[in-house]
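Right after this note come the structures.
Both complexes below contain chain A, partnered by chain B and then by chain C.
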Partner chain A sequence: MYIVRRRIRPVCRAGSGKTMKNRRAQKATEKTAMLKIESVLRTPVKKIIAFGEGMRNFYRFVESIAVSFRSIKYLRFRSIYSIVVNQTRFTGVDALPIIVSIALLLGATTIIQATKNFPKFGIEGFIGNLLVIIIARELGPLATAMIVVSRSGSAIAAEIATQKQNREILSLELMGIDTKLYIVFPRILASILAIFSLIIIFDITAFFGGYLISLSTVYIPAGVFVQTMLDAFSFSDLAITILKSVLYGILIPLICCYYGFMPQSDFQIPIFVSRAVVRTLVILFVINAFISALFYF
Partner chain B sequence: MKLEKNELRVGVFIIMPVVILLLFVVLKLGYSFASSTIDVYLKIDSITSIKEGTLVKIKGYTLGRVIDIKPVYKPALHFLAVLRIRRDIDLYEDCSAVIQNQNIIGDPVIDIRNPEKKGELLRAGSVIEGIEYVNLEAILQDVHALLATLQGTVGVIRDISLDSRSNLRTLLANLSGSMATVNDLLVNSQKDILEILTSFRQTAKTMNEISEELKKHPVKFLFK
Partner chain C sequence: MNREELLRVESVCFTDAGGAACRDVSFSMARGENLVIFGPEGSGAEVVCPLIAGTVISFDGEIFFKGRSVESYDYFERHTYRKELGYLQRNYGLINNMSAEENIELPLRYHSRLSSGEIGSLVNRLIGELGLDHCRALRPVSLSGSETLRTAYCRAIALDPDLLLIEHALEGQCLLNSQQFMRALGRWCAREDRSVVIVTYEPERFVDFSDRFIMLYEGGIVFSGSRDDFLARRNEYLDQYMRSSLDGPMRVR
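Let's turn to the complex of A and B:
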């Protein structure tokens, strides 16, 4: 309304002529600029508002799960046992080949770089320490979590979304079963177990791969290599690895389940599955950086 | 209760890392599953005297022996001798290993020497740098050759000094005679020198007079 009034006003007041035209053109330019500024400002504001709403919705989702935990005493472990076993098998055991191959390659490439560049600085004896610092502290948990998100996270989101569209979740609710407790909780449990085991296996395999590659350039007795790594790997590293595995184990299924419950139609399933994977990955990187800064900075 | 295949796989998948983790904790706490001996490595350039069974000692006390020698090709050819030594004797990380003979004809022995400043204890798998191999026979031969050379040098110096003694004495006597002659010459010619100097002075006086006369009457001087 304000814009319309401003457009009419000069027509009523001014007479005809060049001055009038110039003034109109100037005002039109000003108006366009204002609109552009508004649209530029509106986009981030909208995004911030959407982010805030998303966070609030996620908080409500987590809160509803926490509320569901009150009725955990009614839940028989036998009823979720098969879900936990199947989910652990899918997230952990089935991911072993890819985890082992990636760990071997990652350990090997790290050591190749180290053996090429460390002698320049006269620190070729610190290969074991480098493996612990890079693989065990950072890359191991992060790479494992990324693989789990891309394999199992997407699967969880897609499975729940499909169940929702097929009204399987609705039927569970109609039967009086707490869906949050029955669907989300076993997946969290399974993810914690699987990610913890996968991180340990990833680290061990990466160390082994690194050791094999290091043998091609410099001979380090296996005992010395193991001893160096034992010395370099402290209890705090172990505690942080466990903390990361627990955090990732909770967050990955939680976020993926959240996005799995979101779709309102079949067509929205791929959108929310992709969103679940991308956002979980972003959150994982943020948490990883936060933990590293908190404990090592 | 019969376990399904899935359950077994998942069970092994969970238990295996837990066992590895517990093993790590146990090792990290300093416990060991090993026996009363530990294996450490001795890095050496050549294996001229060391062989399997060579004794490892500290201050004459037998710690263990060499159980294996491995060649290592990278970065340059060297050898790692595996020493199986007793765990109950404290050896420190910066200790050195000197390879030497027990006596002139004795077998070689690896003598471990602890550093003066005690650091961390030597652990299984540690590498000790072997200090250069000392061959006592070769050293004795070298010392013998050195002594022989030294003896020859001393003889030559002695001969030179004996031969030149008489010459030096003659030289000194001649030098003192020359000095006395110079002294006598100076004493004897003292009067003559004075007369020469007086004569020089008179000559100079005459020359002065001539020059003055020449200045006053140059033409007259010519016809005089």
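Let's turn to the complex of A and C:
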């Protein structure tokens, strides 16, 4: 390095002194700016490529599960029975306290806001409609799914990732057990069962619990409350609730299992668990908006 | 007596992600024959069992099990094929959220047509033979090293496989505690209709129940012979390995 500097210096001095220095500095600044622009442009391009790659990998994962499902006729239910029971208990029964609490609070706030503000617009008779629209159609399924993702989705991703790192998944494969069928299928089954039940419980708790809490602030006769709600509720609301619970029940374990199978080493486990939760939530919101647009727009 | 050929490995070449490699490895074994494969770290012995079990889908050469190429199996056939193998992994791979008993039951519940009662009595027999009665309800995290080994062994033989693959099973095991496993393995090896491939760093521990020994070094076979050949140590690679010496044809990295 020393020799090179010695050789270059005389050449620089022989040039135009300060002008040369300025030009060089300007060139360096331009180069840095170009690099910055390039990196700014490169980041979204990279993200788009990564997104495309991720979608392709997820598609392959879903395809491999579809292939595994062809052998479902050979699957003996007794081998997955305990997984279905445990998963249903964890996703459904164990989530009841938090579901009930959130449903009560959401139901109460919705009713309190409605009873306070609706009379201003002369639409106090539409409280039932509001509850059905806000809670039964949107908040109930979405809040339930969010709770399931944060509790069970993260647990599914972490459990599978840990099993993979402990080579338990490999040992299942070596026993001739189709891991996609043995791991993913019972979780989907349990998730559909649990989410559907939780949505129903959420809605009922939000309606009636919320009504009871709101009595401390405003008085609505119970008969009027029930009647307006029954008038507002339609068969399509129930059908859409079932559709949402089935879709969420499939998507939540599917996406979380996908991310659970991804880590290549122990330190990647928290990264992929976090990804599983965040991306499942985003997809749930998208699906929810899509269903609402499709059926109610 | 001519025995049916169970396994034939023909000119297999494969390098795994970790750099372990097999180069032009060929051997065959008849039903009832037991084989010990050994060699120093990185010799390629560690990729032999995964290749036989079909966890590697693409490799050069051929592996035939009961006359059919393992590579030719499709997704479903590969799973069915593995029912005929028992695989005792290096780290045992017990399922952590199941008890020892449930771990042993798992392949039977998944694959067999036995009733729950029949599965229960079969598992009881295996647990009794391997002395696991006291820990049948314990999860793997509460098991000692030898209990883990015995549970994994019970699970590997639960379906009465034609070929048992044992991969570094005694690594880190107490010599005394592992004797119960060794005795059970001895009984298995004595069967005329079942075969075992044992991959190990300590071939001398399996001298009593192995018919043939193969030593690998840098992916290739440097010694292959009977028990007598193994004990005679006329091969310089074998001799160096058994002496655990740094002097000899093998370079230790």
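Observations on the model:
Quick note on the criterion: the second predicted complex is superposed on the first by the 253 of 297 C-alpha atoms of A that agree within 3 Å, B and C clash if a C-alpha of one lies under 4 Å from a C-alpha of the other, contacts with A are read in each partner's own complex, and residues count from 1 in each chain.
Methods note: a contact is a pair of C-beta atoms (placed from the backbone, for glycine too) under 8 Å apart; a residue touches a chain by one contact, two chains touch by 3 or more.
What you see is a predicted model; the values in this text were computed from it and never measured.
Of the two partner chains, chain C is the only one that A:Arg167 touches; chain B does not reach it. Residue contacts after overlaying the shared chain place A:Ser197 against chain B, while chain C stays out of touching range.
When both complexes are overlaid on chain A, the residue A:Arg76 reaches chain C alone and has no touch with chain B. When the two structures are aligned on the shared chain, A:Gly223 is found in touch with chain B, with no touch to chain C. When the two complexes are overlaid on their common chain A, residue A:Val67 makes contact with chain C while staying clear of chain B. When the shared chain is aligned, chain C comes close enough to touch A:Met175, but chain B does not. With both structures placed on the common chain, the touch criterion links A:Asn57 to neither chain B nor chain C.
Residues common to the contacts of chain A with chain B and with chain C across the two structures: none. In the complex of the two chains, the chain A residues touching chain C come out as 67-68, 70-71, 76, 78-79, 82, 159, 162-163, 166-168, 170-178, 182.
Residue ranges on chain A touching chain B, taken from their complex, read 85-86, 88-89, 92-93, 96, 193-194, 196-197, 200-201, 204, 216-219, 221-224, 226-227, 230, 233, 235, 238. Put simply, chain B touches chain A in their complex at residues 6-7, 9-10, 13-14, 16-18, 20-21, 24-25, 27-28, 39, 41, 72-75, 80, 123-127.
If you check the complex, the residues on chain C that touch chain A are 53, 55, 75-76, 79-83, 85, 87, 89, 91-97, 102, 106-107, 109-111, 116, 155.
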